[in-house]
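Heads up, there are several structures right after this.
What follows is a pair of complexes built around chain A, which joins chain B in one and chain C in the other.
On to the complex of A and B.
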């Protein structure tokens, strides 16, 4: 083998070894465990705290409201859909109170007349004409809206 | 004599060419090089394999999904960062299409087109399609975004270099750069909730149960039954992204 090639070969081997050493040092521990990513990232994403606790949790203390709601047309709606996330409230129920939205605008999010809403999917009202001075909750019980 | 020699070289050329093409085809079917098979087949995953179903007929455009998603996942409050949002499509009598999404639908929708001019109108909730052949995952240069073994597309935010390539690659516009972390952020299908046995926040708080998720490999799951019993369609099927978000009653005007 000519001397030029030998020298080039040595240089090549050195460069490849440096690359392999750097790759070994810089690849994170769990990389490639399941695929081309850090396996531990799955646990890190899964460890994120939850904020919406689910309606089953509400039943433990507010069973009468949950039961009353179960008979009306709002029975399929989760408590936190209107009242907001309950993660602080379940830790400290006395000081951390949840929202009790009762404005016309809030009910209008679902019940205002809009051509885009299917008439089969939801009861709709013209909120500009239907008792414009009053809050909806003065006549309708939000947990049992038909009464 | 000269003619025979030419014939022989043509024969050997064809032989070599045939062998090369054959070898190329065989290697293209082997694991690290199987791009053709990958493109032609639909990955199914082993075990639980999450899919999503959204019923447009049931969506009333309340914006609860967009609102709860922002709360649950600490999405920045600015009206242009969303992991989940709702669009209001209005097709006018003259054929023009108006798409609106004020603050992603969080503050509710009003119809800006007078009723007389409307041909039809509907809401389209949008979120990450959790594609089985995600373009966003394929372009990531460092392996910071990936499909989990359950078929959920996730981001490793400690490993992301914020190059924005995946934001460009997603055909559904489901990614954004987090303004303070400077890394990409996207819907995780509430992976942290799924792992605790809870539903994703947007589905938990949908008042009409217009959106559901579940195991596509389980024929008895709610999602599998939805796909079996309804005329479902995915967004941009021609892009072969392997989208796992199935819409019922999706109009052809939706992009």
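On to the complex of A and C.
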């Protein structure tokens, strides 16, 4: 065997051993616990604070609005889809105010004409022509928009 | 407004039509464009070197070592965009130590290590081993020690040992060609195997990636070859340059044909995704696809290189044309990667809408970051050329192995 091959083989063995040692030492402890990934990753993700708390939580303090909404056409929309994540507000409602998205552009996100959406799924309005002088909420109650 | 909320509505302004919520922001941005671009350069440069050696193309000899060193310099950086994209500086190495056979992404560790360690490094090593022994006697200081270490303490330069270098190097080259095909075919496979995405999902993808890799690799070697000669104030070996250009011309034509075939197939099949894809091509991707990739990256180079096959103007003019063409080809292939990676994420899987992508200037996924990863390989290459100058190699000819 030529000397090159001998040296390379030795080097190869050294490198492979280094790889195996590294693999042994560096592979995270929980790796492979459930599958080919770090088992702990699941706990880490689960430990993130929840930012959306769900419409049921709002019922504790805003029961009338929750009830009103549940009867109107917006019943399928969570409070936080319009007001944003409520995790801070429910801890400290006095200082942590939520948004009151009271602009025409806001309602237009969902109600403006959009070819990709079916009229059956959502009623659409020509935002430029439909009572352009006023805010939508002057005439429509955002929580119970029929009235 | 609540900042998270503001961000969402800001993002929504980039959306047209109907898209799914997780499609607003592109998860793969410019760094993931760079990854196939750089690996392509590696595979392409390596394939050029190997073909020269295996098929014994004499006129390409001056580029052999340059091509190998170029491939090596880019290979060292190839993973960096991925690692930086992951944004996990504390555990990025896990991708290398936990390779896995059943996931296309996790097999990366094997593919990369095999190609880098077993193929590329070995081939360069066999080529330089005897030279390093000679240089280690002449050089002083740090260089001397580097040569000693890199030659693994072997001091044999007898003709017998050189013949072994050649024989073994040849074997590595022969193994290397399929390996380089594998490396870049693999990168294409990552995209081609995503069946949810009609822009990516085609069996042609690995083949197209491979040929476009060869196009970009050859163009890069051609440029590096010219630049090295300019810097060293050497007269360029025009026979060699013409030959590279000729190969570049052939491969671009094959690549062009394959890519057109893919598109024609798509047009003719006109599956349900076709409408959104044609909107994509005539809208959001118009400039990057039709102007940069096809016109600048293919049609102009094919015309200019094709003309050179029949009509040969003066050397200086020819060099100028090759220089410009090489740059255009690289730009074109970069945008080919761009159109695949970014284009594939611009339309909704619902086929009813688009999102848009704006490249940031700074930030971890910005333009400057990307430029850094494109400049570093050239610095590495400069260092390699300083440490292993091909023009100082004692033994140019390979002993032919018959």
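Criterion: the second predicted complex is superposed on the first by the 124 of 147 C-alpha atoms of A that agree within 3 Å, B and C clash if a C-alpha of one lies under 4 Å from a C-alpha of the other, contacts with A are read in each partner's own complex, and residues count from 1 in each chain.
Following the convention adopted for this analysis, contacts are C-beta pairs under 8 Å (C-beta built on N, C-alpha and C of every residue); 3 or more make two chains touch, one makes a residue touch a chain.
Model, not experiment: these values are computed from the prediction.
*Asks:* Would you check which partner chain A:18 touches, where first means chain B only, second means chain C only, and both and neither mean what they say?
*Replies:* Neither partner.
*Asks:* Classify the contacts of A:3 with the two partner chains as first (chain B alone), second (chain C alone), both, or neither.
*Replies:* So A:3 only meets chain C here.
*Asks:* Per the contact definition in the header, classify A:42: touching chain B only (first), chain C only (second), both, or neither.
*Replies:* first
*Asks:* After lining up the shared chain so the two structures overlap, which partner does A:99 touch, if you call chain B first and chain C second: first, second, both or neither?
*Replies:* The answer is second: A:99 touches chain C but not chain B.
*Asks:* Contacts for A:84 in the overlay, against chain B (first) and chain C (second): which applies, first, second, both or neither?
*Replies:* Both partners, chain B and chain C.
*Asks:* Touching A:110, do we find chain B (first), chain C (second), both, or neither?
*Replies:* first
*Asks:* Touch check for A:76: first (chain B), second (chain C), both, or neither?
*Replies:* first
*Asks:* If you stack the two complexes on chain A, which partner ends up touching A:128: first (chain B), second (chain C), both, or neither?
*Replies:* A:128 contacts neither chain B nor chain C.
*Asks:* So in the superposed three-chain picture, is A:26 touching just chain B, just chain C, both, or none of them (first/second/both/neither)?
*Replies:* second
*Asks:* Share the list of chain A residues that count as touching for chain B in one structure and for chain C in the other.
*Replies:* 28, 31, 36, 38, 51, 84-85, 109, 114-117
*Asks:* Touching residues of chain A toward chain C in the complex: what are they?
*Replies:* Interface residues on the chain A side: 2-5, 7-8, 11, 15, 19, 22-23, 26-28, 31, 36, 38, 51, 84-85, 98-99, 101, 106, 109, 114-117.
*Asks:* Residue numbers of chain A touching chain B in their complex, please.
*Replies:* 28, 31, 34-38, 41-42, 44-52, 54, 74, 76-78, 80-81, 84-85, 105, 108-110, 112, 114-118, 120-122
*Asks:* Can you list the residues on chain C that touch chain A in the complex?
*Replies:* It is residues 1-2, 4-5, 9, 12, 17-18, 91, 93-94, 97-98, 100, 102-103, 106, 113, 117, 122, 125-126, 129, 152-154, 156, 161, 164-165, 168, 352-353 of chain C that touch chain A.
*Asks:* List the residues on chain B that touch chain A in their complex, please.
*Replies:* 57-64, 68, 71-73, 88-90, 108-111, 113, 115, 118, 120-123, 143-149, 154-156, 158-159, 188, 191-193, 195-196, 198-199, 201, 204-209
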